[in-house]
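Consider the two complexes below, in which chain A is the common component and chain B and chain C are the respective partners.
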Partner chain A sequence: MSTVTPIAPTPVAAVAPRGRGRRRRARQLGWNVVGLVVLFVMVFPVYWMVATAFKPGQQILSYTPQWIPTDPTLSNFRDAVDQPFFWDAAKNSIIIVTAVVALSVVLAFLAALALAKFHFYGRKAFIVLILGVQMVPLAALIIPLYILMSRVGQVDKLSGVIAMYLTFVLPFTVWTMRGFLLGIPKELEEAAMVDGATRFGAFVRVLLPLVGPGLVATSIFAFIQAWNEFIIAYVFLHTPQKQTLMVWLASFTTLRGTEWGPLMAGATLCALPVVVFFLLVQRRIAFGLTAGAVRG
Partner chain B sequence: MAEIQLVHLSKVYGNDVTAVRDLNLEVAESEFMVLVGPSGCGKTTALRMIAGLEEITSGEIRIGGTVVNELAPRDRDIAMVFQNYALYPHKNVFENLAFGLRMRKVPKAEQKERVEEIARILGLGEMLHRRPAQLSGGQRQRVAMGRAIVREPKAFLMDEPLSNLDAKLRVQMRAEIARIQQALKVTTVYVTHDQVEAMTMGNRVAVMRDGVLQQVDTPQRLYDAPVNLFVASFVGSPPMNLFEAEVARGNGGLVCRVGDTELDLPPDVVAERPSLAEYVGRRVAVGIRPEDVREAAGWDGARLRGRILLVESLGSEQLVHIEIAAKPLERSDLVDTAAQPPGPSLGAGEFERSTTLLGRFDRHLLLAPDEAVEVAIDPRLLHFFDLETGVAISAVDVPAVAPVAG
Partner chain C sequence: MTSVAESEFTLASRRRRRFTRQRIGRVLAPYALLAPAAAAIGAILGYPLYLLVKMSFEKYGLFELIRHKGRWIGTANYAHILHDGEFWRVLARTLVFTAVTVTLTMVLGTAIALLLLEVSRWLRIALTTGLVLVWSVPVIVAVDIWRWMVDYEFGVANWTLTKLHFGNFVRHDWFANPWTGFGVITLLIVWGAIPFITITVYAGLAQVPQELLEAAAIDGAKPWAVFREVTLPLLMPIFVILTSLSIIWDFQVFQQIWVMLDFRPTSDYYTMAIYAFHQSFQISEYGLGAAIAVVMVLFMFAATLVYLRQMLRTGEVR
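So, the complex of A and B:
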């Protein structure tokens, strides 16, 4: 959403602008308008989802759009939560997301450590491979993966889906973590080793705290991926009790039509954890922890 | 406290890049040893091998009599100060200082006591709760020093710890580090590329070039009796004047012919350098320190005539560039002079070439550019070097550590 940045109000110079200044201001104004349009396009669906969730049934389907819900109601939320399998789906989603975030952060940290700090045969090839697998579209992989997973008996199991998610979360997280690790001067771990830490101790006591922002960034990515994923969950999880929230959401669209109110309420509920998670961890991204380690 | 011995130490990267070649060096207990040399001479690699941060290709390192080749850095009981300080940015000053003690399972109360003691000595008492980012360069440097001191290790290893400070602070910290080392009497290996630092701080100085140790000696001996052209040109600021001359027989003894001037070599100079006689009729490299180039008034010995090119006033003295008729050494880059094989261009017209002689003169002398001057050259203060190998033709007792060629 970097396009939003130009919206920040530009201070108006006190001196009367000359011709060039005026032209520059006009251009600035143009960009600001573009920024506002983009912002509107991005924000409006979210607003519409939340607004619809609070509207009573007749307002949702009325021909004149109701921009603001006049008599907000919670009945849609009640209906959504009362739908069959909501709590099952919520539980499954939480299990999957927790496992994916935890595993991907740990594995990515260790893998990135190997890539950033050690020299081994085939390291370059491995790095290229990590980039390469991200280029393959998911749709092309899903059938071979399904066959593979069914052979090892992991279809319709949460563990299977966790493994699947890791396959496409890990390349990105490893790559990101590697970048963060490369930014930490090697003297820091050397100093720790001379000071009496083992190599592993130096990683845990010095490197790990310093890649905090990297861990946060990768965990956010893993969280969003695992929480929002639909296709794999839809293909791999057949039993209603084993489905995730995203698959559960789809069940509002039936042959008899779509129940928009409860669907939007459910969607709002599903969007909340991501927002909450992001708000919880985003502060840690904000500042670089390495400041002051070395001169420069 | 312990002595450090490097025995036939070598480091080869890949298959062909030799960073350190057959290094033999003994650092005595509580000695301050400085490794000095231009960048890429292998001094830092040698230090990192002592620390255990770099694998040893061949040879042996002993600390306190124990071979440490296979020991991890933490088991060598050494402390290191890094060029960029390498403070742990997520820990405050107290935690930075206490880290080594914590790793060694020193009791909490003792940790606190020792850290506070060191912080007091280094003037960091007020800053124990600050993060490195909130400290100035000098304060960070002090924390880095403190982190090494607080451990009370067998040896300090310092890798250019002052190179990130501004000039004034550097001079101040230079004295401070030397003072701390003398007080603690901890064996120290200090790496720098700055020969002034090396001369002022070290009990002994080891000069390295291209991975090869050139000479190890006290700063004064290094200055007075460099074993080869490289050391001669590297040590001293401003550097030694070096030019070509010819040794010949005349006036009942040996003479040194610089340009068209003949300098008589007194019998004691020749007696001190027995091999000089073998150079009769050959060309040699001759060196003289700028402070030994003197004003000719009142001097009845040999003189060189020249013309003043430039006068630089330093306040306490003046540096005078004097053009004299003498063939400069082939390589203009004096520090690397020794690397240069004898040039093929010796031949006609060589006497027409001139060399700039740098002299340090009293500030009260009135000297102006373009003036013709005569400078006194005391042949006893001349340094002689073999033109081909760069090795000093010197008094017999100076141990040449390594020949230059090779």
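So, the complex of A and C:
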């Protein structure tokens, strides 16, 4: 985003005569005020979560909101982590996410290679299929999936959930990988082959390093999807020890009912990895490695 | 002599054979590369889709679940839901909800994208960062945040609205009335969906040739007219894709409502997805649930077709 050059003056401003500078500045100020309000409204919920997470109990349960946590405490985080099954859930989430990322990157890379680098019968049909299949609502598929998984004995098993997540991220990961592969100019590969590399050699030495950002982007996408998913984990994993963090978070109630402090601390913990990776992938996608490789 | 000729012959044929084998390899390679992904998609997306349609024509309850086999009953499930007043109420509710949510998301998302063009550079960077931050919040986390903000006792929303003299919201329970309850859920979903729309539209706006806008302005067009006559047509493909995606996402809304209402929404809060889920997993009528889900898929199919056609047209599919 930061690469976008400052946008040229607005069309009206472009033709406005010189003397109207002050009016223009007033307009700019007006827009900035609107922008600040939008920024505040959009970011406030996230701020409120983090602020609540650091507040001591009596500041949370006060009829007049305490806008800033004046004496921040970590006790909410301690309470959240001490909740039953937090560590089980964290472990399960990590296992599931790791497996989904590893498998999906390999499968998506192979499939994308076929779609981007080969011309074959049924290629376009497969692309349309991949785009269309993303649109099938999960909420509708969950019924037959439950029947299918109970037939093959995969209900309440992490492996079943991994298989389902893998399939749900595949269409998108294949699509993105294909985009990255298409972005690598054929000339690079051909140059390597002219220089005496075999097709496979050209693939390993030229294509693979260049596709690095694509692999990172797709794996982070798979990570975020698998980490955030709720419905499947909720329906398929019954045993509390087998639940994922999102199910743990959604069913977070203590003996004293909903305790907002620990809940917001738990929510912050669950959101943190995703937020970090999300900010990473934003930059990664913006700067493709090939940007300067072949130009003109 | 003969042996030499023979060996030459075998050499040539071997070379030819290797050549064809290589060619066959080249022809088969893409299929081999595709096979694992295609197998996974076929087994876990394709087959269940077939199973869903099949089950919608079957009596499939607990007994059939244990026996792993449904009983064919023709279109009885469909006849049942079509004569069920509840089904029509749920369908209407889902359609209205989708229309309102998608409209709000698209209008506000586009408006903020246009706003990004007008504000100062530092604010633009702050806004995009803020939007990405909101975008990255997991749905379940977002639901919990909003649940806390509209808490009937200590929620910041009730306090603010009371202070701003919008009425007395002390101990106001937003979910007692499905209209205000859906209002909160709509706000939550729109809030979460705006970043994706804004950032995509903004990326599109940045690609609109500046000369076109200037030319229109020189010809005396007002800003709104410039937007309608120049920007909008140029961005149409993006709008079509974003709108159809939003329809698809909002029509199948499930987890926001489900978690917001503590896993037990009253029937006033049923949308298509929740209704199908309730029929299947709560009263074990999997066949009926499947029939509702099929109707849901059919409704979404229209939006999917629009999306696919636009993707094919814009040349994304090469």
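A few notes on this one:
We adopt the following convention: the second predicted complex is superposed on the first by the 227 of 296 C-alpha atoms of A that agree within 3 Å, B and C clash if a C-alpha of one lies under 4 Å from a C-alpha of the other, contacts with A are read in each partner's own complex, and residues count from 1 in each chain.
Operating definition for what follows: contacts are C-beta pairs under 8 Å (C-beta built on N, C-alpha and C of every residue); 3 or more make two chains touch, one makes a residue touch a chain.
In this text, all values refer to a predicted model and were calculated from it rather than measured experimentally.
Annotation for chain A, partner touching more residues between chain B and chain C: C.
Contacts of A:144 after superposition on the shared chain: chain C is touched, whereas chain B is not. Within the superposed three-chain model, A:228 lies in touch with chain C and out of touch with chain B [touch as defined at top]. Judged by the touch definition given at the top, the superposed model places A:194 against chain B, while chain C stays out of reach. Once the two complexes are laid over each other on the shared chain, residue contacts for A:263 go to chain C alone; chain B is not touched.
Of the two partner chains placed around the shared chain by superposition, chain B is the only one that A:210 touches, whereas chain C remains out of contact. Chain A residues in contact with chain B (one complex) as well as with chain C (other complex) do not exist.
Across the complex, chain B is touched by residues 185, 187-188, 190-199, 201, 205-206, 209-210, 289-296 of chain A. Contact residues on chain A toward chain C in their complex (touch as defined above): 1-2, 4, 6-8, 10-12, 14-15, 27-28, 31-32, 34-36, 38-39, 42-43, 45-46, 48-49, 52, 60-65, 107-108, 110-111, 113-115, 118, 120, 123-124, 126-133, 135-148, 150-151, 163-164, 166-168, 170-171, 174, 182, 224, 227-228, 230-231, 235, 246, 249-252, 260, 263-264, 267, 270-271, 274-275, 278-279, 282.
Within the complex formed with chain A, the residues of chain C that make contact are 27, 29-31, 33-34, 36-38, 40-41, 43-49, 51-52, 55, 60, 65, 68, 112, 115-121, 123-128, 130-146, 148-149, 151, 153-154, 156, 159-160, 191, 194-195, 199, 206, 210, 213-214, 216-218, 223, 226, 248, 251-252, 254-255, 259, 263, 272-273, 276-277, 280-281, 286, 289-290, 293-294, 296-297, 300, 303-304, 307-308, 311-312, 317-318. By the touch rule above, chain B contacts chain A in their complex via residues 51-53, 72-74, 78-80, 82-90, 99-100, 103-104, 131-135, 137, 140, 147, 151, 164.
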